[in-house]
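First chain written, first letter: the chains are A, B, C and D, and each begins at residue 1.
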Amino acid sequence: MYKFRLHGLVADLWPLIRIMQMTGFFLLDYHEDMSFGWTSIRTGYASTVSCFMVIQYLLLFINLMKQAEDVNDLTANTITVLFFLHSLIKFFYFAIRRAKFYRTLATWNNANSHPLFSENQSRHHATAVGSMRRLVMNVGIGTIVSGFAWTAITFIGDSVHEIRDPDNFNETIFEEVPRLMLRSWYPWNALSGGGYVVSFIIQILWLFLALSHAMMMDTMFCCWLIYTCEQLIHLKEIMKPLMELSASLDTVVPHSADLFRAVSATTNAPITSGDGEGIRAIYSNQHDFSNFRLNTGTLANVNSGSVGPNGLTKKQELLVRSAIKYWVERHKHVVRFVSNIGDTYGSALLLHMLTSTVALTLLAYQATKIDTVNVYACTVLGYLVYSLAQVFLFCFFGNRLIEESSSVMEAAYSCQWYDGSEEAKTFIQIVCQQCQKAMSISGAKFFTVSLDLFASVLGAIVTYFMVLVQLN
Amino acid sequence: MYKFRLHGLVADLWPLIRIMQMTGFFLLDYHEDMSFGWTSIRTGYASTVSCFMVIQYLLLFINLMKQAEDVNDLTANTITVLFFLHSLIKFFYFAIRRAKFYRTLATWNNANSHPLFSENQSRHHATAVGSMRRLVMNVGIGTIVSGFAWTAITFIGDSVHEIRDPDNFNETIFEEVPRLMLRSWYPWNALSGGGYVVSFIIQILWLFLALSHAMMMDTMFCCWLIYTCEQLIHLKEIMKPLMELSASLDTVVPHSADLFRAVSATTNAPITSGDGEGIRAIYSNQHDFSNFRLNTGTLANVNSGSVGPNGLTKKQELLVRSAIKYWVERHKHVVRFVSNIGDTYGSALLLHMLTSTVALTLLAYQATKIDTVNVYACTVLGYLVYSLAQVFLFCFFGNRLIEESSSVMEAAYSCQWYDGSEEAKTFIQIVCQQCQKAMSISGAKFFTVSLDLFASVLGAIVTYFMVLVQLN
Amino acid sequence: MYKFRLHGLVADLWPLIRIMQMTGFFLLDYHEDMSFGWTSIRTGYASTVSCFMVIQYLLLFINLMKQAEDVNDLTANTITVLFFLHSLIKFFYFAIRRAKFYRTLATWNNANSHPLFSENQSRHHATAVGSMRRLVMNVGIGTIVSGFAWTAITFIGDSVHEIRDPDNFNETIFEEVPRLMLRSWYPWNALSGGGYVVSFIIQILWLFLALSHAMMMDTMFCCWLIYTCEQLIHLKEIMKPLMELSASLDTVVPHSADLFRAVSATTNAPITSGDGEGIRAIYSNQHDFSNFRLNTGTLANVNSGSVGPNGLTKKQELLVRSAIKYWVERHKHVVRFVSNIGDTYGSALLLHMLTSTVALTLLAYQATKIDTVNVYACTVLGYLVYSLAQVFLFCFFGNRLIEESSSVMEAAYSCQWYDGSEEAKTFIQIVCQQCQKAMSISGAKFFTVSLDLFASVLGAIVTYFMVLVQLN
Amino acid sequence: MYKFRLHGLVADLWPLIRIMQMTGFFLLDYHEDMSFGWTSIRTGYASTVSCFMVIQYLLLFINLMKQAEDVNDLTANTITVLFFLHSLIKFFYFAIRRAKFYRTLATWNNANSHPLFSENQSRHHATAVGSMRRLVMNVGIGTIVSGFAWTAITFIGDSVHEIRDPDNFNETIFEEVPRLMLRSWYPWNALSGGGYVVSFIIQILWLFLALSHAMMMDTMFCCWLIYTCEQLIHLKEIMKPLMELSASLDTVVPHSADLFRAVSATTNAPITSGDGEGIRAIYSNQHDFSNFRLNTGTLANVNSGSVGPNGLTKKQELLVRSAIKYWVERHKHVVRFVSNIGDTYGSALLLHMLTSTVALTLLAYQATKIDTVNVYACTVLGYLVYSLAQVFLFCFFGNRLIEESSSVMEAAYSCQWYDGSEEAKTFIQIVCQQCQKAMSISGAKFFTVSLDLFASVLGAIVTYFMVLVQLN
């Protein structure tokens, strides 16, 4: 069905891209029929969705303005407005910077493989695709459940709004409000009848679109990081066979197990008995890389292809050289991909953190007013958990990137480099130097996406909460 | 007696493992008779202990619930509950993740030695075993003393409980409570008679078990770190003779002391008198590594075994090469061991720090109410010192690991690498690069176990204390 | 016109230097006629300006002293005094340390170029000059606009000063004050008539001079950083052709594309079909450095000039060697330039940050009294924005320096070093090691000029503001 | 006079050591006559001094206990007691750990020099000795001035002590106190007459001894750091000639200036005109190391001594090799010296910082009560400035150590390593790796002695001061 241009990341992320196209993102590429007519229709659809999103958002904002007198209403409305600001920011951020997204998605279109490592590469690719689809599915389910929970909570409890009696400021009277998910102003009477039905349909549509807009963008970010991590694991796993290949080449050095046999044969030193065993054991300790299997067919063919002793060495040398080149070029490609991701998402992450911090501080204030388990408490906790889950999602994957990239040095160190050729050792050295700094995604150079960031956000909220509780 | 499978860390930690088995840990391995019957009996014992621990803990919790009205009682009970939460967490953590513990204990089962360095290795092994046994003994004594002190303090002062008069809220009346170590609820009357005796026996048993459960787990962690540190010291000490071996091999370069004699013989330059002495002195400055003795017998044998000038070099080259391999493989093994420890203990450390922080904050609150030296003050200070000692224990050893591992680079630098062969220099370079990052144990990636952590915990408590004193 | 000594940074910064000379800085060098007479006249001009600056500043200070009773007046006057303290500090800092400025400006006078990289060098030089002139223009316009806005706001609203009634301390009376930009004391009556005109002219002159003094010094700092960054980009861009040159030389290794052809010709292994393509593709993947063009004319000439196979190699070797030397020497020159900048500006930056922090804290206090949009609010916000913009300016460029310098390692890694000669690889290694530490400008060793600094300044102000709002 | 054993650091620090011996430190070594009799006399003297110090300190403490009711008196007395706790800690710290001090002082006894670098070495040694003596003199003068100022301030103002009237707690009465430097309890009446004279003499003696004890210990620490820094500068300066020596040896590479002449001679490429100049200019750019002069006599002799082309190279090779060894061994010696200093002073620094922090916090409290310029204000400010000066002294030199040691890498990079031999490049690489971490002195692993520490201490005091002012 989609056999036209599905390669690279676009193919891997196809379900996500399809969902994004359906929810109205300005993702106009990646269609079979790219004729002017169809493109216009798609542009029209995306524009309609964006107008819809903006208009309903403005209605929320008008309601915020109209209820600005009471501090509780103001806080609640501000939280709602900030909460959906995420969605709008991300939607329009994508629309404006979609060229960058296209470019990043195209990064892996022409990534070549190496005959020796293609099996490992395709295995990790499959793992990455699996993880990404699982993530998309989980986030999708989470979003739908959140949407329904939000809708459901509207029908629990009374639907009233506490306002000050304009005649007597010390008393509060209760005003009936429509059973809607969001407090919004409408030019029509939304309390009941047709007006209510229209408002309800608009809100449920808008709610699901807004939630999916925010989540889909975050999911794409996480998927990219998953892909990066799998590539890094691939690189780390092929390090060991690469070094073994280099060691087997090194004809100047005889095979280590033979070395001590030679020693013992000529000298009869006490090293042959007992102690000699110790040294041999050092040489032969096999490490567990059971999960790596060389394309032994190809390699064996190359090795056995030519009979000449020199010819063999030369071909193997070429193999090692090409393997090193493959490693370095792939690693550089990953570095470039990470820098592209940072470039594409940097400002969006900064905006996300800014709005989240303000919203979470306000939520901490709201949370101090919880005294029993009711609709109010559920709403506040729902907001809180959802917002934190959003932040946690990208912090978690950002942290995984930092860990995977910083453990490349350990992987390089843990292969048997001391047996490698001079060239291989220089390779190990330069790679170690480069990997002293972990790769990371920064939010427009102001913070680094990691679990540390999440912990500090959490810590700040706990602090605010405790200060506010004390003030109350 | 235990001649069946006692090698590696299990043998070194045998007293600790025996204590853990006796106090009811689910440590079902490491017995002589592993038949189904005996294993069932042991499982039954461990299960009984765990049920006992849980039931008494729940009784404490029920008491907490029943006394929740008064803020002082609530705080005191919460501290007690949190304090013993450690023990339960650690007990069940071990039960659930015992496979990881077995794996980590098995790490050193097949660690080979090198004929040249076996003497140094066995010396450091002995030091490590000594330190570990001393630690187990000290911690054991400390735990028993704490338990008896706790029991003793119960019999000092009046055994009353201050409660509000239900008729007149402004007055307090005193209720007599049983002289027990822990405020717990029992289905029977524990105030006196048989009920009291039963409660007392239950509590004293539970108290000692709970204290030892927590301490034994921490001690095992510390023992592993001690073992790691000794291995690192071993590696640092053999670095110097390794380099000297390499330097003595380097036949291209004549021995440095001879070099200047050659210069002076041919030129009669002023360098021969006085100044030449200076240079020779630079070459011959001997560093103090008196505490290292080569297995000179073995080495001399190898050296003198073959007479041919080329054969000698080749064998020595093999020796150097094997020594380097030994060093790197041993270092990698230590790195893997540390990563195993982190894997095994990570979440337990995180839980420990979380409960400790909450408990210590509550203790700071309790401490603000101390105004004179009495039973209350002693209890609070006892809790405080005990909790801090627990944290200090693993922070201290965690810090030692950081120090020992970060000084590997200095050790590599401080041997005479400039005389070594090209291969040895590359070895030094890669090792230096790898050791720029210190090894450390992280608490589930949220913090690093070090004295810094202890200082920050201490600082936080002092801050809380001062804020609370000011509020009072 | 200025054909006498205009080379290096002086020529590039000529507009800025001319403005500085005109606004009275003690910049006595860089004139066509350096005879004693002209120099004396210039010294006289600068001295007059400095006297003028100091006298008016002292009058401001006298006014501060006379209005010290009321806390609001005191705060407002202190802010003004601190604000202009910047200008005076910078003016006299330049006067005293002008030798260091001359030396830093002379750094690039004799910077040589390399025939292969002169095209790239001159392109980046042109970019730097363009950026610097644009910056000077923008800052100049900003300064002039600020000056006029300041003057304009004086004529809006009433020109009164609220003081306490000396008879009745609970009432305030309004005193008319002259419509001047700055509250200053004068020995004459400045309220109206000639006194007013004189005062106004003095103040407008002083205001513009003070603003330009502060801004011109900051601009010179930023221009130097711009120049440094462009030089670093130049170095990063020539890294890739340098490595390619080295790789093309490496006659021991046949060209990689040929390697696999050789393999396939002799063995007919399955590697030739399909899989072989993969390897060849790895070799031939071209990276985008479209913005770099070698002086191919020169290079081609050198390459084709001699026919002998050995002679060619030797000359190319010389080229590579000279290119590496060029790179390293240029990099060292940049390092020295940065250290000169730090040396020249260090203490000025420390003083700037100290006065700014105090002034911004006071402004946060003033900002808590804003309740509506009026002249007062505009003034406070104006001060705030202007002060923050000043700090942001040098933080932004300081951060750019850190980024550019820390990405030199990535640039070194991302060229095809695995094909380079042994010498080139060593070059890459040493450069990587050196570039692990980013270059940065420190404020007298107490802080580093970066966006982090700006964020922490901003965070401190927000904290102060919130604490003060809460206290009010 | 002292011709018996005055070499190494003892000779360099002779004035300081003499002062320490005279002020009663347990510095029993370094005397001409080390017979048992003289040693006993010296031990007796030091013991007497220590008894005197302790007894007067206890009297201060008794006074503190007796005046513990009033919070102001308590604070003032506590500050005094903490202030002199420094002196006692340092005095007895030295007494107990004098073996470590002897060992550290003996570090440089056998430091060899290298004929090529002896001139530079002796120059830097002389600079270090000069700086150290200047420091000892300045600190000595400062201590004496402080002592006299302290004594002088006693005779200014009334000598009364404000106490609560025991009959009427709302009134205060004034009790006359003796005009003594320190509030101390004596078994005799110290208000006037002989008792007063005795007390005064005791106090003035004790005051000067206590001040010098504290200062002399700090001065020795600073002197050691000065010596270390000069050694590091020496190492940095000889790096450049060392590399030039290596480059001049490298016979494989013809002299660079000749290289391009060869090119131009064979090809007549445009490179010869103009552009060729550029390259040659790159080669010949001379860097300013005017302050380094080789022992050219020695070197020339060695060079011209043998005529044979091969012999010359060999001897030069030996020279380079010995120079590298000299560099590395000297650097290691400095590293060992720094680690010795840290070992010797670590706990003393920790104790100093602990007591200082508490004392400075109390001083911040006292400072909030200053409202006018009087004796009280002077006393508080005097304490404050003196305490901060003490901390600043060792922070300043600790920071210098960090800077000098971290700039070794820059020094290694800034010499012409690209011309050096392969061995020299490896040397540069390993040195660079080692010097990525700066050397520093840590206070028992809890903090690092640097200007950052000073800034954080200052920041903490400012914070305390502001909080306390707000509370008042």
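Just a few scattered comments:
Note that a contact is a pair of C-beta atoms (placed from the backbone, for glycine too) under 8 Å apart; a residue touches a chain by one contact, two chains touch by 3 or more.
This structure is a prediction, so every number in the text was calculated from the model and none was measured.
Steps from chain A to chain D, taking the shortest chain of touch contacts, total 2. Fitting chain B to chain D on Cα positions gives a rotation angle of 90°, stated in steps of 5.
Between chain A and chain C, two chains of identical sequence, the interface residue sets overlap only in part, with shared numbers making up under half of the total. Greatest Cα centroid separation from chain A: this falls to D.
Between the Cα centres of chain A and chain B there is a gap of 36 Å. The distance from the centre of chain B to the centre of chain C, with each centre set as the mean of the Cα atoms, comes to 51 Å. Residue positions 429, 433, 436 of chain D are each in touch with at least two other chains.
Screening every pair of chains for touch gives A-B, A-C, B-D, C-D. Chain B makes touch with chain D in their complex at residues 253, 256, 259-260, 262-263, 266-271, 275-276, 278-279, 281-283, 285, 399, 403, 409-410, 413-414, 417-419, 422, 425, 428-429, 432-433, 436, 451, 455.
Taken together, the chain C residues at the contact with chain D in this complex read 110, 112-115, 118, 297-298, 301-302, 305-306, 311, 314-315, 318, 321-322, 324-326, 328-329, 332, 335-336, 423, 426-427, 429-430, 433-434, 436-437, 445-446.
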